[in-house]
């Protein structure tokens, strides 16, 4: 079965680059939010997030940064916290044919919300 | 802050309809996979999945069906199973300006994989 | 196979009541934290949480309350938020032989932490 | 606030060792099931699971093994799969005062179910 021909011939390469990056961003957020984390384990969690999302279709690279400042504000009596979307600063790079896109999540103060958007797209 | 102007002026309405639906599909899969479920609780879980995803930007409707057949195959000694992606048949309807899109997840036998794709898009 | 004889003869009924309730409480937290929710969908999410956890071994009843006050504080520009552990007030009732236990999660201000503990146990 | 006195004086050290291990096992399962994984990323995911669960109260050590055999059976056309409970072989070691417990999850063929149980407890 030719997956691309069968299921993706109705959208452009540009649209596919956006589609695959957006799926992976939604996946990353809802898979990992809630995970116990602190300064000592931040790197290990960032690695697992990057490596697991890298497996998905069209993903070229994933840059994950769990934001230190907010992490410390949220720290409990027990010296760790649960990962929230507000702590995430992530760029997912996708490539479909000649199109390259960067999907971003970043906490936007004015919105009180970790916004997902297309930061860059080139074709 | 005008979110659309600030963050989404670099993509078309059609691309935005795909983007928002794809995020919500990735979210749905990775939020709910693993949930204990059986025939008695299927309806309640489908409702919660639909209602929670409906809250996200640009989502018009969410149709969730947890597939009975696979559910019974997977049933354990304890009369329930954990929700897997293979059981999901979901359509997420998005609307951005005049564009309407349907993002779908469905298990494809030939791929041994629950595929996410753009089932329909109209502008 | 006699599961109880094979795997649980090394602990008392009281210990088993605590064990099964604790598993389900850890499960509930990490399954549902991150789910989009607001006042309109709160009831539906509470129902799905109760129904799905009720399926697990030794669970007699699950009382779920997503705390309104904190929910409104956390509300974003888009009129919904992501479920966090701080919003959870949950009692899981277990029964093993003649022992009944109540496992609780509740946000404790002094700890800045949603604490899980054995609220009540009777044998 | 003395958390132990305030919230845990109604259970024994042995019961607390079981309680904390069971919470962390429920947490581990429901946090990470659904994560994309293959042979290349297995180690990174195991590390993140171990490190994040190690942060929780009373946890001494966490041994995580994602079972290779089942992983390969489940591999999709796209050379990765979603983590399921059936692939998990995990031991969580807890210590409360002089009590040491090992909580285990392992797939049991006869039950068609990844069973959680107290593998060992010493006081």
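A, B, C and D are the chain letters, set down in written order, and residue numbers restart from 1 in every chain.
Here is the rule we go by: a contact is a pair of C-beta atoms (placed from the backbone, for glycine too) under 8 Å apart; a residue touches a chain by one contact, two chains touch by 3 or more.
Every value quoted in this text rests on a predicted model; they were computed, and no experiment measured them.
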Set of chains adjacent to subunit A and to subunit B: C, D
Distance from the mean Cα position of subunit C to that of subunit A, given in whole angstrom: 28
Whole-Å separation of chain centres (CA-atom averages), subunit C against subunit D: 18
Mean-CA-position distance for subunit C and subunit B (Å): 25
Subunit B: positions in contact with at least two other chains: 3, 27, 29-31, 34, 77-78, 110-111
Chain-level touch network, classified as line, ring, star, complete or other: complete
Residues on subunit A engaged by subunit B in the complex (per definition of touch): 1, 3, 7-8, 10-11, 14-15, 18-20, 22-31, 108, 110-111, 115-118, 120-121
Residues of subunit C touching subunit A in the complex: 29-30, 33-35, 75-78, 82, 84-85, 110-113
Subunit C partner contacts - residues on subunit B that touch it in the complex: 3, 27, 31-32, 34-38, 40-41, 44-45, 47-49, 51-57, 77-80
